[in-house]
Amino acid sequence: MPKRFVFVVRQPPYSGARNAEMLDQILAAAAFDLAVDVLFLDDGVWHLQSGQSPQNAGLRRFAPMLQTLELYDVREIAVEAESLEERALAAEKLILPVRCLARIDIPDWIAGHEIAVSCG
Amino acid sequence: MKFVIQINASPREAQAANTGYQFIKAALANGHDILLVFFYYDGVCNAQVPAFAGEDDLSAHWCALARAHALDFVLCVSAAQRRGLASCEGADDRRLAPGFRIGGLGQWVDACLKADRILAFGV
Amino acid sequence: MQLDRQGFLADPSSWNEELAERLADTIGIRLTEEHWEIVRFIRDYYRRYEYLPNARLFVKAIQKSLGADKGSSRYLHKLFPGGPLKQVCLVAGLPKPPGCL
Amino acid sequence: MSVLHLVNTSPFETVALIRCLERAGEGDAVLLLENGVYGALSGCGFSAKVAAAAGSLDIVVLEPDLEARGLDRARLLQSLRLVGYSGFVELAVRHPLSLSWT
């Protein structure tokens, strides 16, 4: 059976080159037609906030890049429901369709993978 | 067991690279295999050679370890390019400490598929 | 037409179809409709995602959008023998993709 | 598959330790290393949470990092165990997955 990857994103956007580099690593696995899931936790969920316009801060937009997750058949884009709630974010207003997982179900969900990678 | 190790931090900013180094030594001492040490994010800075000697220099320790155990130390090319450690004009490994080479995420994925365990040091 | 040290268009906003022909000329390629299809594809990709794929993803993205015949290294190498992703970005007036040597 | 969680930041500086404990599953291990070893202290604001989690998790402290920081065993929560780098490798062997928390 092919190995299932999960990438866990906990850092907010605009964390320097890290954002693009974490996406490169996720997509590298996806490019091999592997089963790849991404989990946004804690401040990582801020990546999914709609309406980000960092141009006036002199920063590059990252949200469009994240949309390539869908293009390359990343299997599941999951977020933790509590992480959204704590930040007053609504799942249906995010920039990508996501699967919401309750905090209590996170350990079992992660345990269903063969390779876990922290992306900061 | 077969390990893939990812080093994500510069040796000058955090302890994580040193921890990874200690872990690899212990894993080898316990009879495990290290398929690949992949340097990513600021971890590519482990391949920089300091311009002066004297301070404890992890890159020298990495070199010795790579030589002693014939380990494969790969820097992600785009992470290295972003930090000025690889040129954009050709495969130029000359600015790297001996023992390190330029490679890509494809090698990391490949090694992960063959490995029993994947560990990262420094997020 | 101003080029950078690696032969890429210095000012991407100055790109137009006529410049594309001249850029292609610098790498010895005469653009056919097959070339244009790939050039338009990568410009559209970059406009939408503001990010360039790596070589492997590039092939995969073409596969999804133009079909398996065109989404193959062999087909793309025939069109752009010096490295499809790098050369198509050069012709399309886009930045040099990271990771390309 | 069980997870080896690595926590390498001080609980006085970040919430990584608490966030990790909230997502660790029964049978997982949590290794406190580097500045994360401060999370093994007793009598601090977070200590009760760590002690409670030690019921269902294997919470382990990397001894060389503890020594480096001049902390002796007497100041730590009772239920935690200490390992060296070999013990760290054994933990990685026992748990197929690993996640880092910063």
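Each chain gets a letter, A, B, C and D, in the order it is written, and its residues are counted from 1.
Going forward, contacts are C-beta pairs under 8 Å (C-beta built on N, C-alpha and C of every residue); 3 or more make two chains touch, one makes a residue touch a chain.
These figures come from a predicted structure and were not determined experimentally.
K.L.:
Is the number of contacting C-beta pairs greater for A-C or for B-D?
P.N.:
More contacting C-beta pairs are found at B-D.
K.L.:
If I average the CA coordinates per chain, which chain comes out farthest from chain D?
P.N.:
Following the centroid criterion, the farthest chain would be C.
K.L.:
Using CA atom averages as chain centres, what separation in Å is found between chain A and chain C?
P.N.:
Computed from C-alpha means, the inter-chain centre distance equals 28 Å.
K.L.:
What whole-number Å value describes the gap between the mean CA coordinates of chain C and chain D?
P.N.:
Measuring from centre to centre gives 49 Å for this pair.
K.L.:
Rounded to the nearest whole Å, what is the centre-to-centre distance of chain A and chain D, using the mean of the C-alpha atoms as each centre?
P.N.:
Centres of chain A and chain D (C-alpha means) sit 26 Å apart.
K.L.:
If I count partner chains per residue in chain C, which residues reach a count of at least 2?
P.N.:
If we look for residues of chain C contacting two or more partner chains, we find 54, 56.
K.L.:
Chain D: which residues touch two or more other chains?
P.N.:
Within chain D, the residues that touch at least two other chains are 96, 98, 100-102.
K.L.:
Would you please write down the residue numbers of chain A that are in contact with two or more other chains?
P.N.:
10, 24, 28, 31-32, 115-116, 118, 120
K.L.:
Which of the chains touch, listed as pairs?
P.N.:
After working through each pair, the chains in contact turn out to be A-B, A-C, A-D, B-C, B-D.
K.L.:
If you look only at chain D, which of its residues touch chain A in the complex?
P.N.:
1-3, 19, 22-26, 28, 96-102
K.L.:
So in the complex, the part of chain C that touches chain A is made up of which residues?
P.N.:
48-51, 53-54, 56-57, 60-61, 64
K.L.:
Show which residues of chain B lie in contact with chain C when the two form their complex.
P.N.:
77-78, 81-82, 88-91, 104-106
K.L.:
Enumerate the contact residues on chain B facing chain A in the complex.
P.N.:
6, 40-41, 76, 78-79, 82, 104-106, 108-109, 112-113, 118, 120, 123
K.L.:
Mind pulling up the chain A residues that touch chain D in the complex?
P.N.:
8, 10, 41-42, 103, 106-108, 110-116, 118, 120
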